Amino acid sequence: MLFLYNIIIVPIIAILIGLLFLGIARKVTARIHRRYGPPVIQPYFDTLKLLTKEDNITHGVMYMLGPAIGIAGSLLTLFFIPIGKYALFSMHGDLILVLYLGVIGSLGMALGAGDSGNPNAAIGVSRGLSLMLSYEFPLVLAIVGVILKYNTTSISAIIQKQVTSGWWAIFVIPLSALVFDIALQGILGEKPFDIPIAPHEINSGPMVEYGGKYLGMLQIFASLHLFTELALFVDLFLGGGANIITFSLKMLVVFLLAIFINAIMPRFRMDQAFKFYWKWPAILGLISLIFVFI
Amino acid sequence: MVEGVVELIKGNFSDVEIVIPEHQEKRVHISVEKEKVKEIAKFLKDNGFRHLSFITCVDWIDEGKFELVYGLYSYEEKIVVLIKTKIDRDNPKQETLLPLWDQAQTYEREIHEMFGVYFDGNPGLTPFILEDWEGIPPMRKDFDSRKYSQITYDSEAK
Amino acid sequence: MKTYELFIGPQHVGITGNFSVILELEGNVVKKATPNPGFLHRGFEKLMEMRGFIHNVPIVCRICVPDPDPNEANYAMAVEKLLGIEPPPRAKYIRTIVLEFSRIASHLFTFGGHAGSIGLYTIPNWTISDRDFILDLFEMLTGGRVYHIFIYPGGVRRDLPDGFIEKAKDVLNYLEKRLDDYNKLYFDSYMFKKRARGIGIINKEDAIEWGVTGPNLRASGVKADTRKDDPYAAYGELDFEIPVLTGGDAYDRIMIRRMEVVESIKIIRQALDNIPDGPIREKVPNPMRFIVPPGDAYVKVESSKGEYGYYMVSNGKDKPYRVYIRGASMTHGIHILEKLLPGNYLADVSQIMFSLDVCPPEIDR
Amino acid sequence: MLESFRGGKVARWFKGRSMWLLHFCTGCGAIELPPSMTSRYDLERFGIIPMASPRQADVLLITGYLSVKTLKRVITTYEQMLDPKYVIGFGSCTINGGMYWDSYATINKLDYYLPVDVYISGCMPAPDAIFAAFLELREKIEKGEANGYKLYKIHYERYKANQDKVFKNRGIIEGED
């Protein structure tokens, strides 16, 4: 019973916290812009408004299924990531599983957007997939560093070892943490890597044909995605959290860093982003691996 | 200097009318036959007037003529030369300046659309600013914008 | 490889106004660009033929929205040339102040637009809100924020109000301070250089041949400025430099505007300090019977976009017989875009347009 | 039940607090939008942000005069937007043609071609006026009075006849044939 209860309650908390983070991001960005900014709970208004809009368009089955696949993929990932002390599913090798599952959400979006028939969406999808190709390599290097350091592929075990040793992984293998953080900027689609949705170039890319409840679902997907990726970072490098509040605070710190970089950076061009990811983070990741071996 | 430019043109072309307008510094207005425009423009271009500022058209409806005005500018002399030529209003045709300046295309396209002047040798006289325009070109003097607006936009369809 | 068509505009974030460019793309690279203007066409040249000389003053400023004052100055100068009058010195200085403030405002807009097009949204927020201080000055001077209807044939409409000079100096000091902030975030930024360097290069010969004017021409290495070459208003009496860069790429086109802002601040300071006393308006005909002797005149000013010219023909009646308006974007927005865009990445299309400072209302009129 | 919730008071309250406008500069009024969106006035504090695509937007701002060429695009854009959608007519030009009342290229009354929910008068309306308009629109939405999109469906024949009167060739929107 508790298990079922959690399977429902965890996603809801994740969505609520994710949306709140999106609101905080908008407020913080506004303050950097020297603006007053929207209320922190603005994303809730937006999502609810979007869900109550009428839809008088359709673009085919995949277009409608895309956001659903996105949400499903993110939810699946979420269940394998320990939140606070609580891990719904935990086993050996779940870190590698999470790496695979994390892609499903984005692929769902890609399928849906590709079905909408808008060239902007198609370009956005191709950019998104190329971006994924670029950040996956340093991301894997960072994660391999963690795995080798703690000699386990279970996220819970990694957290456990960090807590017992008293040293968070970010202090033990700082280079891997740095590489993961750089990759995180691309995963979250923050500048300088918001190439797939660049409004000035391709009119917000994959989302260009999405509106109404589908866009609302995409908002939920975005919040879940945000929550999952931040949670993974906190679990791997910041020693997890004792309860949901400390855990969220740690996530917020990581997220704020991403937001600050987002506010002061122009965006890369796709080829520049690719070169960047396969150069500096990759080199740093390899150096980190060497340190781990020594 | 203005005098230098006037001398230069006079020395090479005999049948041009040169006016130095009052109260206007660094301006030379010359009027030529329509066949001469390209020749004189090429001559001026070779002599430093490399910037084609604009091409425009004036509708002298009482005379039955269109007047084409070409503005050239020299970055060395810092003088604007306006070449003016009158063409027949009933059969408005003029040789294109495309071989001299690529960007004449933009201006000629506009004049073609707004006045209905046809430029010989210009392949790209496609609709430019207006869309689906029928009837007489709007910048001609016999087009009554006020009446058109009243008929088209001031009432609802029945 | 298969090519496909992509519409940039008119409803698009990366377009400089209501304008459209139809791109033919091969993968990520532009093969052919066809600008499609005309969405803002109002038929100004026709409207001006239907209105009296003095009735045209309120409508001319609508031709270029971000930088309206060169239109007013041009129109006034064309009428003055035909009437054979000169505005009094004080009016000339006030015109200079207004024109230069308008240039700074327009350049701040361009910085915002370009920074937005490469994804740096903090800069538009900063520059456009700083531009508001200039609009406040305009409101104090003329009563309007955007359209001023201030420069009349024969002079200007009002004298400087009390406290204007002090307030203007405060704004200039503030802007100067803010330029340092922009430097840190934008002009000196590594990413900005990486994105903008080497994009959309116009070399010196092409620039002259293609009819590029204004800051875009000076970014290509040609030292030409109507303010120096054909002085109008009070520019002949003021001391200022014409900045020139030689790269001719998007980066230089933005940097030259930054240097011009500094020069404009210098010009306004001088004008504010040296403004002579005297009347602000020359005697012009009775507005009810504003008759201009027959003749034609081509006048031009240096707007923030480039050479801005009016060719006015009068046949001795109370309405202009024909007015032709030469907007700088007429070449930049159509011909130059056609030449520059092919070969560039789709990601740079918007950036090139913003760096050229294409102003669609000037093209369509 | 879902339908009644959609049009219900709670849903309307959310709609009034999250008005996304379409990034479409149709006329010179667009020059006052950047100042109202950026630091000095900041429209985002009311939840109003510009959106890149018509599918995502709720509010269509007609910023000033419309040439016939733009009107064609505006109508297509309007029809692409999802219900409920609102139109704000910006400046005198949308009310009676403004200073372009005798121009051959611009329409005079926007109301003939699209249902307008709120008008802003003036040329050009300052950011304060824009704010007032948005707050009025919010009030109308909350009261359920902003019904332009319903009127467009009910009187579609009339609107279409008016549109056809000014378009010589309705067809699809061609870029360059």
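For reference, chains read A, B, C and D in written order, and residue numbers begin at 1 within each chain.
Everything below uses one rule, namely that a residue touches a chain if its C-beta (ideal position, glycine included) is under 8 Å from a C-beta of that chain, and two chains touch if they have at least 3 such contacts.
None of these values were measured; they are calculated from a predicted model.
The chain pair with more C-beta contacts between its two chains, of B-D and A-C, is A-C. Chain A and chain B have Cα centroids separated by 60 Å. With centres taken as mean Cα positions, chain D sits 40 Å from chain B.
Inter-chain spacing, taken between the CA centroids of chain A and chain C, is 44 Å.
Centroid to centroid, with C-alpha atoms defining each point, chain A and chain D lie 35 Å apart. Among the residues of chain D, those touching two or more other chains are numbered 23, 38-39, 52, 54, 69, 102-106, 176.
Shown for chain B are the residues in touch with two or more other chains, namely 130-131, 138, 143, 145-146. The set of chain A residues touching two or more other chains comprises 33-35, 199, 203-204.
In terms of inter-chain touching, the protein chains here follow a pattern that is not a line, ring, star or complete graph. Interface residues of chain D facing chain A in the complex, by the touch rule stated above, are 5-6, 11, 14-15, 17-18, 20, 23, 38-39, 42, 44-47, 49, 51-56, 58, 80-84.
Remark: chain B residues 21-27, 29, 50-54, 56, 58-59, 69, 71, 75, 78, 80, 82, 101-103, 105-107, 114, 128-131, 138-139, 141, 143, 145-146 touch chain C in the complex.
Residues 68-69, 72, 97, 101-109, 112, 158, 161-162, 164-169, 176 of chain D touch chain B in their complex.
Residues 26, 30, 33-39, 42, 45-46, 48-49, 52-57, 199, 203-204, 207-212, 215 of chain A are the ones that touch chain D when the two sit in their complex. Contact residues on chain C toward chain B in their complex (touch as defined above): 37-38, 41, 43, 45-47, 49-50, 81, 84, 208-211, 213, 222, 224, 229-230, 295-300, 307, 309, 311, 313, 321-322, 324, 326, 330-331, 334-335, 339, 363-364.
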